[in-house]
Amino acid sequence: MQEYTHFDNDGHPILVDISNKNITSRTAIAEGWVSLPCSVYDVVSTGNVKKGNPFSIAELAGIMGAKQTSSLIPLCHTINLVNIKVKCSLNTERRALHIVCEATASYSTGVEMEALTGVSIAALCFYDMCKALDKGMVISDIRLLKKSGGKSGEWTAEKEYIK
Amino acid sequence: MQEYTHFDNDGHPILVDISNKNITSRTAIAEGWVSLPCSVYDVVSTGNVKKGNPFSIAELAGIMGAKQTSSLIPLCHTINLVNIKVKCSLNTERRALHIVCEATASYSTGVEMEALTGVSIAALCFYDMCKALDKGMVISDIRLLKKSGGKSGEWTAEKEYIK
Amino acid sequence: MQEYTHFDNDGHPILVDISNKNITSRTAIAEGWVSLPCSVYDVVSTGNVKKGNPFSIAELAGIMGAKQTSSLIPLCHTINLVNIKVKCSLNTERRALHIVCEATASYSTGVEMEALTGVSIAALCFYDMCKALDKGMVISDIRLLKKSGGKSGEWTAEKEYIK
Amino acid sequence: MQEYTHFDNDGHPILVDISNKNITSRTAIAEGWVSLPCSVYDVVSTGNVKKGNPFSIAELAGIMGAKQTSSLIPLCHTINLVNIKVKCSLNTERRALHIVCEATASYSTGVEMEALTGVSIAALCFYDMCKALDKGMVISDIRLLKKSGGKSGEWTAEKEYIK
Amino acid sequence: MQEYTHFDNDGHPILVDISNKNITSRTAIAEGWVSLPCSVYDVVSTGNVKKGNPFSIAELAGIMGAKQTSSLIPLCHTINLVNIKVKCSLNTERRALHIVCEATASYSTGVEMEALTGVSIAALCFYDMCKALDKGMVISDIRLLKKSGGKSGEWTAEKEYIK
Amino acid sequence: MQEYTHFDNDGHPILVDISNKNITSRTAIAEGWVSLPCSVYDVVSTGNVKKGNPFSIAELAGIMGAKQTSSLIPLCHTINLVNIKVKCSLNTERRALHIVCEATASYSTGVEMEALTGVSIAALCFYDMCKALDKGMVISDIRLLKKSGGKSGEWTAEKEYIK
């Protein structure tokens, strides 16, 4: 059976030593969803962008959140990202907000947490802007879709984008 | 149809003016889940706490994350919380980590975002500690369970805890 | 001659003791400008909001910046703002971006610095988004327009809005 | 006509992908001014450094602010600066505080925003320390003086230092 | 035997619920020392304040650090301080830097951690500025001297200032 | 006589220019102690880890604190650490908590401050968790034990671990 990598043999939490890992280009893509009850869906789907663009605000929050990953996640290394994209779109079939975040760095460890954090903060920000309409939104299916680079190479989620 | 509260009439994002709202005790409880693939479940469920306690680390990350809510969520007010509890437990039936966060403040706006942020950061932290075992974990069903206090009074999620 | 309030008699910098000051509603309004060279002005003035809204991004940055005032300005007290508005508009006469920030708190010291910080960060953010067009933009005339509340009462800038 | 670089084709704000840009030494120098009304000018110009040195405090705030640039400016990359200098001096002719900030990094994007942020935070800090003397100070002419390094090479402001 | 207050009955770390505690004025005073080897002592003791004032920089760092206490200490509540003083002085007898920090808030929990954090960060900052002279400095005897306010009332360290 | 490296010739505080220094592997190890009065010692020494593990919490706080060094210490460069270990153990002979922090980076300046900050924040966090038992704990002997890498090469504290 495998063991935790973030604890040493005596159970102390550690920032894993990555001093011997190679610096290579690392990319990660994550996604997540915010279900939209009717009262939210109606406003979001008919929204006039001149009346305020919650997608853009959530995307910005996601970008800023991704940059703060190492301050938020105790055992994450500080990584200077060279690329962050957060895209929010309305999925009319699922009646939900779809969030995708891509992060890239040239470093000695991966950026999965940065992509997942970008999605999470964008989702929370969107919830915040719509919570006066209905507090029943649910944030779901936050997961890694793909990562590349590093010793473990490419990894892809088994299932496709959930729709 | 309702409108966004976080944009003014001209579409500018705003920190909503709460200067005329009453200071009362506000509480919010939120929950969330992290699905655990076999390789993660096996380690987590048989883990010897002396070998490192990922629940405790995730709880701490959630508490610290909840305190940073207003830095992370652009249109959230800064609120000094007087109580934060984050509890992580293994749900053997769902084979998932269950996270519940309770936040309390005596202030003029609610603490729903703080509770949801506490859950989200705890989930991300847990994912981080177990991602070397399997990157296929999925963070789901982050939602508000209950809030009380303030003009809108009590609110409870329609469905019970999802199991 | 008056003396600095932020140093004690021996020249040590201090966070001024405000424990004996009354908690009252305090408001401050500040403004600032970013001059727009032709290449920037053309893009900003004809910009299609669907192609990206730099005003909205700058406003958001200003709101978030205002919330961080006490982390940025060493001798500022931490103040929980109950209202922040940052508005960016194009002044065609002056061919410049005009930024106005209003901040409010119920506290024992004023929020002038929060309003000025909101303007400054919005200006910097706008500069950042347009600097690939022309680095010759100049940020100017950041100043307090008005403040109210507290022992010193109301204060208004001598000159009107500069146009 | 040029277009914004910080938005993609669909208007989503992005952290520009710099993964293909070369890592070279980048330097930027920015300046700014704080006008000093008589009551402030008198104290600052006759100030005994033993009674407290507001220049030094403002310089320190500027250095710390420059290090926080990527947290403050949403679409700025995180850059580890290898050099920051902020110098405050009294310009007796203009009866104003003159602030110059120089920043350097070895990275794949420029440090203009870091230099401008250093100036801005120093200016705000100075305003804060003197605002009890007179709130009528005005922060002006914050601009880039020079930058070097990177694909676009050297850039110099058209006009000399404004005095 | 007493038990930890920062863990619940099941061993989960918690931010202690202070919602039922009274809001009163709370003050704490802490001190600490940095021993100065000869090469540091000589520079510090003969330092010309015009050549740079490390005391003032350390004091400022301490003030800023005290404001960040709740971000640094996981189970500390966020407290808005109304007064922070950090004083650094050279103790010629002990050949050491003496740091005293006083913090005050009107809140429902004490500010001991804020005063201790102010001392600690000032000490670290001073070490940083002098470490090129000699890395053998030692930071010692950081302790609470006195606290007042709250249910537990006044507390005073048994021993006097250590000299 | 040597001079301060963190001030320029005119006494302005500076972030030292390290642009011409070599990027090499740098490591630093620091230690510190928290004396435990009887009432604290008894709880800590007989503590059942299932009832809460303050060592683990303090270690985590130390790791997170070390990552924040450049935000806390004004004249420290921002360094991305590739390794941080903080270990807390009970020293029964000295009846004290012993904290050791090791930090590593591949950069152009050393990581002494990161190791010392890790120790200091862990110590403060431990104090916080035990202060309800007895406020008389004293944080002492925070010092650098060893550093390697860089132009100045290896440095080792004269005395062994103090016990």
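Think of it as A, B, C, D, E and F in the order they're written, each chain with its own count starting at 1.
Quick note on the criterion: contacts are C-beta pairs under 8 Å (C-beta built on N, C-alpha and C of every residue); 3 or more make two chains touch, one makes a residue touch a chain.
As the structure is a computational prediction, the values presented were derived from the model and not from experiment.
Undergrad: Give me the step distance from chain A to chain F, shortest route via touching chains only.
TA: 1
Undergrad: Chains touching chain B and chain F alike, please list them.
TA: A, E
Undergrad: Could you pull out the chain whose C-alpha mean position is farthest off from that of chain B?
TA: D
Undergrad: Out of D-F and D-E, which chain pair has the most contact pairs?
TA: D-F
Undergrad: Do chain C and chain E face each other with the same patch, meaning over half of the contact numbers show up on both, or with different patches?
TA: Different; most numbers are used by only one of chain C and chain E.
Undergrad: Which chain is most remote from chain E in terms of Cα centres?
TA: So the chain farthest away from chain E turns out to be A.
Undergrad: From the C-alpha centre of chain C to that of chain D, how far is it in Å?
TA: Centres of chain C and chain D (C-alpha means) sit 15 Å apart.
Undergrad: Which whole number of Å gives the spacing of the CA centres of chain C and chain F?
TA: So the centre of chain C lies 37 Å away from the centre of chain F.
Undergrad: How many Å are there between the centre of chain B and the centre of chain C, using C-alpha atoms for each centre?
TA: Roughly 32 Å, centre to centre.
Undergrad: Of all residues in chain C, which are in touch with two or more distinct other chains?
TA: Counting only residues that touch two or more other chains, chain C contributes 8, 11-13, 49-50, 52-53, 56-57, 60, 64, 68, 71, 74-75, 80.
Undergrad: Which word fits how the chains touch one another: line, ring, star, complete or other?
TA: other
Undergrad: Name the touching chain pairs, would you?
TA: A-B, A-C, A-D, A-F, B-C, B-E, B-F, C-D, C-E, D-E, D-F, E-F
Undergrad: Which stretch or stretches of chain F touch chain E in the complex?
TA: 1-7, 11-13, 32, 39, 42-43, 46-47, 49-54, 57, 60-61, 64-65, 68, 71-76, 112-113, 116-117, 120-121, 123-125, 127-133, 135-144, 147, 155, 157-158
Undergrad: Show which residues of chain D lie in contact with chain F when the two form their complex.
TA: 25, 55-56, 59-60, 63-64, 67-68, 80-88, 104, 106
Undergrad: List the residues on chain E that touch chain D in their complex, please.
TA: Per the stated touch rule, the residues are 49-50, 52-53, 56-57, 60, 64.
Undergrad: Can you list the chain F residues touching chain D in their complex?
TA: Against chain D, the touching part of chain F is residues 8, 11-19, 70-71, 74-75, 77-80, 108.
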